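In what comes next, chain A is part of two complexes: it sits with chain B in the first one and with chain C in the second one.
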Partner chain A sequence: MTKIAQSSPGLRRSWPEAPSEPRIRFEGKMMLPGLILLAALSILPFLALVAMSFSRVRLLGGVRLELVGLSNWVRSFTDADMWMSWLRTIIYFVLTVGLEMVLGLGIALCLYRVLRGRNLLLGLILLPMFVAPSIVGLLGRYLTDSTFGLYAYVLRSLGFTGDILGSPTSAFAAVVLMDVWEWTPLIALISLAGLSSVPQSVREAAAVDGASGWMTLRFIIFPAISNVLLVALLIRSMDAIRYFDIIWVTTNGGPADATKIVPIRLYETAFRFFDFGYAAAIGLTMLAFSILIARAFVRMLDTRGLTR
Partner chain B sequence: MSRVLYDEATRIYPGSTQPAVDALDLDIADGEFLVLVGPSGCGKSTSLRMLAGLERVDGGRIAIGDRDVTHLPPRDRDIAMVFQNYALYPHMSVADNMGFALRVMKVSKDERDRRVLEAARLLDLEEFLDRKPKALSGGQRQRVAMGRAIVREPQVFLMDEPLSNLDAKLRVQTRTQIADLQHRLGVTTVYVTHDQVEAMTMGDRVAVLKDGILQQVDTPLGLYQHPANVFVAGFIGSPSMNLGEYRVEGDEVVFGGARVRLTRETLKALKEEGSDRVILGFRPEDVTMVGDGDQDDATFLVTATVVEELGSDAFLYGQYADTTDPRLLEQTVIARVDPNAPPAKGDRVRLRIVPGKGRLFSASTGLCLPA
Partner chain C sequence: MSTSTTGPDRTARTARRPVQAAPRGVPQSPLEESGRGTRWVVAIVVVVAMLWTLVPLLWMLLSSFKNSADVTAATPQFLFTPVLDNYRNLFTGANNLWPYIWHSVLAAGISAVLAVCLGALAGYGLARTQMRGKKHLAFWIISTRMAPIAAIVVPLFLIFRGLGLIDSIPGLVLAYLSFNLPFAIWLMSAFFAEVPPSLEESALVAGCTRWQAFRTVILPLTKSGLVTTFVLCLVFAWNDYAFAVVFSGPNSQTLPIAASQLVTQTGIDWGQLTAIGTIVVIPMMLAGLAVRRWLVTGLTLGAVTGE
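Now for the complex of A and B:
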């Protein structure tokens, strides 16, 4: 987008008769099928969503929209429960993404040291990533079950007697850890790729320059792979904001709303209470939030000259 | 600034039985510029990396100054290395690249800036100090790599083919600059190259390696004039020495229709060896063209197949004309001829080895025989 915007004035300056006009029209025609598909798949639903967020949606006797002005929006910004959900989403986001980055990078650094059998090890470590999130949830539920769960048993022998998914803090911790379990390998994989792209000779140069292992990591390796890490962070962040599956399967948002992050509340509002107008407003807020975060990342990548 | 000592230093890479460097013995004096030269894969880089601490030493020891560094990590060796691909830190500016080692040593910022600037002046890099390496040309990157080494003021400079990524002209320029710089700084330097011209022009002494084994260490001229064996004889000098294995009949070596007398010492050595064959070598500039009138037993006929005229020099590439021996017919004879009156392609030319300039090597061991 920015590229076209920047280059077209230049084009016009060098050719005052603007022969670029018909070309753009041609390009437009070529893009038409794609645009139609895009419109059908996302633009129309998006517009419908916007309309819904300003209406009450009647389902009985055929779908009807009843304009209610800003009331859905006002509600979504004044609803204390909603704010709690946002708070939980942010905590969930920071905890999962933070833990995944730290652990993933740590694993990658360890794996990088391993010379023999690295691929086998990597394959094993990657396994959780290939499990469908809802299966991870089921597995988690099984492992934390208070009567026959392995983790429940282990924790019990360590003195924790409660039901893991039954009390607010432990339930929240459990779903965070399940997400970390599933997605840390992805970060490890991406970080390892980044580490492998730092030339051997650059590390050796640092060693000859007198840098200790930590200094090499701090001054040479991290800056060199920071871009890759940023991309990994972006991928995980986008995912974490709209996270749903594991929580839905394990705690369903409970107990006492302890794990009710925004996506869960959104689902509930739409498909349990059938309050589609309100759900649309929540969904659009989530969209705006993700776009904001994505923009921040892209801005960061841009200043490093990486989007080109 | 220090003396560097390799004492039977050996490196055997895991999974291989043949040592990449086999019992290397080298004594490099304080302030000396020593060049390690040899064909690709002969173990030059390995030798250098052992000195840098980047490669394990499997046998023998290595000392810098009076410190045994055999098992010290690179950072405790006080050395600076210039890598073949320069290995600049991609995300750091030129100044940070050059100052990194000082930063690690916790040198104060003022002192660091002063030394970086000084080195940048020396290498003509002042205007690039704020640039990232990727915004530099090959030659500039090479200078940054040099600068990074100089700023350190280390005991030893190690350079692994630092010029091989430059174009031919820049290579020749930089060659003299490096040699000059080293001379001024007086830092002991070990320089690796596969290019014998680089070795001959830069080194105070040159060490020739082959298959991980040190062949000879000497001054460039010493190597040129007194090669210890056939390999060194053929490797040093361009165009290379004419070498061929011939029969000894009585007290003469017979080749291409010529008979050249051997000295008593040579004959004695041959007799001890019990061999009737010998390797004869002569450099292209050590033959003279003789007119048909001057022909005698020691002259031989050559048909010119190519004549290379370089202006200041002319080289004739030819084949023995006076023989039916297929092995001889395969050989190419190279001779320097008068650039003002070079023979034409296809001419038959009569040549003679300048007396005393032929080199004789044992056909079995390849070692130089006494003349």
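Now for the complex of A and C:
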């Protein structure tokens, strides 16, 4: 009895806004076209991906799926090459995102002390972000070419001879640095926005209290911009998993698989070996990772109330 | 920090701070007016960062004006007679660049326009709705934006094959919408959330319909948001390689594909390649810098509002 009494107002809670009910409808109508298209572009492929991951996909004579149970999944977890790709992906991820965070923050801290011309400098620093990643890769190839590359020439005069993209370690370092070149500016931009939001008065108070530069940084600046840094980290992490164009056009996974991170392997599996079922299983695993990061991002927005 | 000032007297201790600041001499505001050492560090870091950032871009620009001998000279050529050969070769002959430019403009432009229109509508709805599953809805939207391209390309390829959308501009537009639409919805919703609801409430009181209030009051207030969203969508789509390499064919190949096609087994025409690179890059840089003020907001999906 009491349960019913309690639950019915709960149920009714959606109605009390009856006067403003058209309001809800209006918002729904506004969202409808976009959400329908988005559903078609995301839920449909997702279901297809799930179905494919349990099947062998035949392409000739119309697309057909033949159920093969868990074999794609079993394969993806027992494939030693695949594990190596994951390991490489993690190293690539940690190195790129880590370097970008450190360098981006460093540049932001320095730019912040530049009083005159800061806007011009920041504008110039930002330019790499707008370069198509595939062009970054191709340009990187040009710069590191062992016969006529500018950077290869500089390195040669410093004593490093050898084909940069030709040997595993230096190729890996090169693709990491190309990504760092393109995306450090993003971190610098976001960090600088965070730094600018630390009130002048707080910094002045710290200075009056005799805090050294490092202490101000450690106890005033970092805590104040930690939220912003976290946003930068999460945004960059999500994109770091998404993009692989640079590796695709420079080494294409080589030499000797040294730069074959998971997305490259996925492309190769699907579009060179036409093993769509296996590629789907790999894709779903990647998707799970990116959803975890997206979840952290949304949760952080919720708890720290950065926006809504 | 202040072990040097020792006073047995408790009252002296409380007064210590202002006293201590004085002997340090220069009134320190550690960020703006730093010591000479820090200033050098700052200068060096800034110079190195600028070189690291700009040298590749300048080198690309310079090389695009070199003749074929200078482009692949073993010693880098800084002084050379600039020639327009690379650009001329790109725009003449059977395999010229115009179709690629046209495909890029169409695919990126249409997808950006559609994303902004649908994104503005849905973003407004999302910002104002009080429906129950709002958080789940928002999470679904952001997670589609963040889904790895490699994971989407595979099923989309099969679906597009079935629908005959491979090698067509509509196919590319749809593929680009798969990441631009959730981005636009999320970002526009962040921009709309900053407009106080009281504004449209007063418009309603004045006799507007909800649509009129949105159209005439709210939308003009978020003009900068619309422009920023459009530019960023344009940049993401224009710069895409992963989708285009799978979905496009002779009828829809975009500029990044044109660039990668210059890489052949027999060798690479670096002069032409740097010229294409310059053509691909410059419009996006200009567009991006045009919305500099809102870049932070845009690129953090509204999580950080800048400057």
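A few notes on this one:
Methods note: the second predicted complex is superposed on the first by the 259 of 308 C-alpha atoms of A that agree within 3 Å, B and C clash if a C-alpha of one lies under 4 Å from a C-alpha of the other, contacts with A are read in each partner's own complex, and residues count from 1 in each chain.
Please note the rule applied: contacts are C-beta pairs under 8 Å (C-beta built on N, C-alpha and C of every residue); 3 or more make two chains touch, one makes a residue touch a chain.
From a predicted model like this one, the values you see are computed outputs, not experimental measurements.
When the two structures are aligned on the shared chain, A:Phe219 is found in touch with chain B, with no touch to chain C.
Shared-chain residue A:Gly34: touches chain C; no touch with chain B. In the superposition on chain A, A:Ser201 makes contact with chain B only, not with chain C. Of the two partner chains placed by the overlay, only chain C lies in contact with A:Tyr142; chain B stays clear of it. When the two complexes are superposed, the chain touching more residues of chain A, out of chain B and chain C, is C.
Of the two partner chains placed by superposition, A:Ala256 touches none, neither chain B nor chain C. Residues 204, 206-212, 215 of chain A lie in contact with chain B in one complex and with chain C in the other. Partner chain C is touched in their complex by these residues of chain A: 14, 17, 22-24, 26-35, 37-38, 41-42, 44-46, 48-49, 52, 57, 59, 63, 106-107, 110-115, 121, 123-135, 138-143, 147-148, 150, 153, 181, 185-186, 189-190, 193-194, 196, 203-204, 206-213, 215-216, 228, 231-232, 235, 238, 241-245, 248-249, 262-263, 266-267, 270-271, 276, 279-280, 283-284, 286-287, 290-291, 293-295, 297-298, 301-302, 306-308.
Chain contact summary for the complex, chain A toward chain B: residues 199, 201-202, 204-212, 215, 219-220, 223-224. Residue ranges of chain C in contact with chain A, taken from their complex: 1-2, 17-18, 20-21, 24, 27-32, 34-35, 38-39, 41-42, 45-46, 49-50, 52-57, 59-60, 63, 71-76, 118-119, 121-122, 124-132, 135, 137-144, 146-159, 161-162, 174, 177-178, 181-182, 185, 190, 193, 210-211, 214, 235, 238-242, 245-246, 255-256, 259-260, 263, 268, 270, 273-274, 277, 280-281, 284-285, 287-289, 292, 295-296, 299-307. On the side of chain B, the complex with chain A involves touching residues 52-54, 73-75, 79-81, 83-85, 87-92, 100-101, 103-105, 148, 152.
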